[in-house]
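The following pair of complexes shares a single chain, chain A, combined with chain B in the former and chain C in the latter.
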Partner chain A sequence: MQIDPSIKSRPTYQAPMLEEPAGLQLFVCQPEARGLLEPLYQQCASAQAQWVLADEETGTEALLASLQQMLVNVPVSTRLYVAGHEGFLWDVRNLALEAGLVDEQIQLAPPVSRGRRLFCTHCYTLMEGVEASPHSCSGCGRLLLVRDHFSRLHGAYVGVQINAEDPSELPEQEVLQ
Partner chain B sequence: MRMSPKPVQTFRDDFTYSNSPGAIARFPFPFPEDEYRYSVNIEPHVTPGPEGSVYEFLLDIDEHYLSEMAERDIVLKENPQRCLAMPHMDLACWDMIERCMQSLAADYPQHFSLTIDGDQWTWHNRLLNIHDSFTFGDSSTLPLPPMEYMGRQVQGDFALLDQRDGDLFLDAGIVTCPADWSLAFDAGMSFSEWHGPVPMAHEMGVFDRALKYLTAIPVGRPVRRLNWTLTVNARMDTSPETYPNWGTDRASVTADNVGEKVHLRVELQVLDRMPRSNALMFSIRTYLLSFDDLVTNPDWARRMHRVLKTLPPELVEYKGLGRYHDLAVEWLSRFDPAN
Partner chain C sequence: MSIDSIPVRVAAIEAVAPMIREFRLEAIDGSLPAFSPGSHVQVAMPGEQREIRNAYSLCSDPRETGSYRIAVRLQEDSRGGSAFMHSQVSVGDRLQITPPANFFAPAWHARKHLLIAGGVGITPFMSYIPELERQGADFELHYLYRSSQTGAYRDELMHRLGQAFNGYDSDAGVRCDLSVLLSNREPGSHVYICGPESLIEGVRETARALGWPESLIHYEAFAAPEPGEPFKAKLVRSGRAVEVAADESLLEALEREGIEVPNLCRGGVCGQCVTSVVEGSVEHRDDFLSADEKASGTCIMPCVSRAAGNHLILDL
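Right, the complex of A and B next:
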């Protein structure tokens, strides 16, 4: 098997553009991605622009929890700008959709790393920061081919055992694009 | 020939699954030409179709009913996540229950009956010895969640596609006999996303045209198409989840066992608009036929040879035939001396 060259479920990303007017401009990011959104933030009138940051101590989980709280009471015309690792981008987007926003209100910046979230199709374990294929599943130990087939719901690429047809094959690892 | 369910056979381990002569005769052989090419091969599913054919009714119940329901039970016990329904799909699940129960009771009155008294429904499935009364629309009155309850009583996989923004989303399903796709991973995907891994067809515009057609299907006007692949052994559950269990099957084909090992796997896919939810019910009814049985029909034997021989390499790869494609072509060639 080869890594599929052009799988249509794989998202493409563009640098976010400021959309105005907006009731509230929310800039949501992981610390290492702040630079991607800083220029847009600077363009906003400060009253309607707000950072939602994961800090080193509380981490991403806390950010998502506080964002969820925040989205309960935001203006209808809120816009979201999201930057960080790819899995994080989709976690924020899915959380926003649950809160009643629509995709048109949400812009996802190009991921700050090539690390992928990987979904093991055999045991459903999710792994973060996968940069090479095949990758050993942290759940079931199987050697997974990292495919380009992507789920927005999981924010993840699918991994399928690379040597299920002949377990004696141990293909060399290749860095993912 | 109308088919009566026979005792349980297996789709795993000792693979006792077999087709009677009647089942072979009604097998939906999917190739209209000697070369297989992608097409938007969708046509109206007008019922009743020819008597005794797989197209006679909305849902085909055949001699493998008990075997497939037993197999489904094994898969779901092993992995309950092979069935799922997002909360917003509850109404669509009840649409599906209504459509399936009404069709089954009307088309197979010897096996199924349905009594409706207002919202009090009584369902009797004599094949599985199920006799339940429930309040239509109230999932708490069923012994199982509605998708699983109905899905455990009909052959084939089922998905419910939510239609919004001109697209279709895979938001519910019971998928225990897929041709290598995972409901758990593909859940929530749009039409073009869940077809993402299919080679070539996107570039040919197949999915754009199919989506336009499917989103326009009205209530009461179901459509159908056939899809196919090959499967080694009569294995229903060729899911990615269980690929580690069946991957080595593909390396087990030899020149001597092609006829018994290799099966033509055909999906009769039917799409039917649900009246309350506007979802599409997508049924994927799988038929398996060993090459030994297939070549009892000389026309099929000859055509199968030609189709496999001319199959583009991308499709050989995508369908996972790489390890035994040459062996299968060689074995079939004896039935097609002109080629």
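Right, the complex of A and C next:
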């Protein structure tokens, strides 16, 4: 996949590498991404390595809530390895920063899907799994151009109305890279 | 000094430790600029051979307007700066200083601040502590000193900080175990070190071995430039040549000849004085240039670094 180099904000991802020494190695993932972290987990001494998984029933929200509680009492030398959908990666990263961790301690694996989280700059609605542009905002109904510009704060790509001058104009949808 | 230097009057001098004197500086005209915790100023001192400029941390509460305080430790191998401050300066004297600059500000978002001071390295923390207290921040001071020489402000700090004060007087045989200090810390802990190079290195190595991320470790060392072999600097743009003596820095030699190079820290950390090298090999002594930049041989930090041979050709 080619990323337009003029878009500085779009994140690039690399397969995580084990960082040592670490007081605690935390492997945080959505169920479908576990395979991405399994080899790293196997390399760790078991006492220091711990999974933080979303189970099928309670889902991602519960995972984030328990991670937040957990991060209060982890050592300063904790390392975080995160895998899942792109929006999830950044939710975990932002939650970790709030707990006092720094980016140096957090590795985000390449997202498991192409689906983007989209932020509507008009009504601030967040939409998940967007694969084509333009996309109709589920909040305000505007037809949004899905930009490559990425907001780390929202873990989302930025959407702006594509036909503000003439809303009757309906450009053809294209699949996003 | 440069055009934005500030004339000040020495309003008070106090011995705050056997080898450390505190100077209170007042503005001669107008007022002094506000500063943030961790700031320093440069003080110009007329030495025997040449003017010397040293950077000193401001050690007063940033809310204390109207005057600055600095504390100067008499260095055994003084190049003239600290000896001048200790033996030549009296109350009422005039000095020239630069406006404050800051390369050592607290990370305000930290959940816990661990302040580690060695000797006169307590000074920047004297400006941190009042502000950390006002913000209700969680912090600890770990103060390593030798009571026969340093240890300024320790009684006041012990009283003021209570449990948060940890003193280690090596003259009384009290040592600080860095690995205990740095172990079992929670996320969001930031560590700050000001003191001799050996202390900074000791803390950084211990923290690294314990897995601390580098960006949680902040440090500042103000060291006088180490002497070296004399050399000649040729300046291509002005066509001049400057002899650099063994005991002066390239920056000082340039200033002596009236060639102003922008600078702030004079200790190889801020990057302001970076100068292009046209020819000659450099003995790099700074903490600013990356390993690649140093290897390229195309630039030098004249505040601390020197020629590796007998000459350098600079783009000045």
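Following the convention adopted for this analysis, the second predicted complex is superposed on the first by the 171 of 177 C-alpha atoms of A that agree within 3 Å, B and C clash if a C-alpha of one lies under 4 Å from a C-alpha of the other, contacts with A are read in each partner's own complex, and residues count from 1 in each chain.
The definition used in the following text is that contacts are C-beta pairs under 8 Å (C-beta built on N, C-alpha and C of every residue); 3 or more make two chains touch, one makes a residue touch a chain.
Worth saying up front: this structure is predicted, and the values here are computed from it rather than measured.
Aligning the shared chain A places chain B and chain C next to each other free of steric conflict. Using the contact criterion defined above for the overlaid structures, shared-chain residue A:Leu145 touches neither chain B nor chain C, since it reaches no partner. In the superposition on chain A, no contact is made by A:Met127 with either chain B or chain C.
Between chain B and chain C, more residues of chain A are touched by B. Using the contact criterion defined above for the overlaid structures, shared-chain residue A:Ala99 touches chain C, although it does not reach chain B.
Taking the Cα centre of chain A as vertex, the centres of chain B and chain C in the superposed model span 60°, given to the nearest 10.
Touch criterion met: A:Gln161 reaches chain B, while chain C stays clear of it. When the two structures are aligned on the shared chain, A:Val28 is found in touch with neither chain B nor chain C. When the two structures are aligned on the shared chain, A:Leu118 is found in touch with neither chain B nor chain C. Within the superposed three-chain model, A:Leu153 lies in touch with chain B and out of touch with chain C [touch as defined at top].
When the two complexes are laid on top of each other via chain A, the two nearest Cα atoms from chain B and chain C are 5 angstrom apart. Those residues of chain B lying in contact with chain A across their complex are 81, 182, 184-189, 192-197, 199, 202, 240-244, 246-248, 250-251, 317, 323.
Residues 20-23, 71-79, 99-105 of chain A are the ones touching chain C in the complex.
By the touch criterion given at the top, residues 110-111, 184-189, 209-216 of chain C touch chain A in their complex.
Partner chain B is touched in their complex by these residues of chain A: 1-2, 4, 6-10, 119, 121-122, 124, 142, 147-154, 158, 160-161, 164-167.
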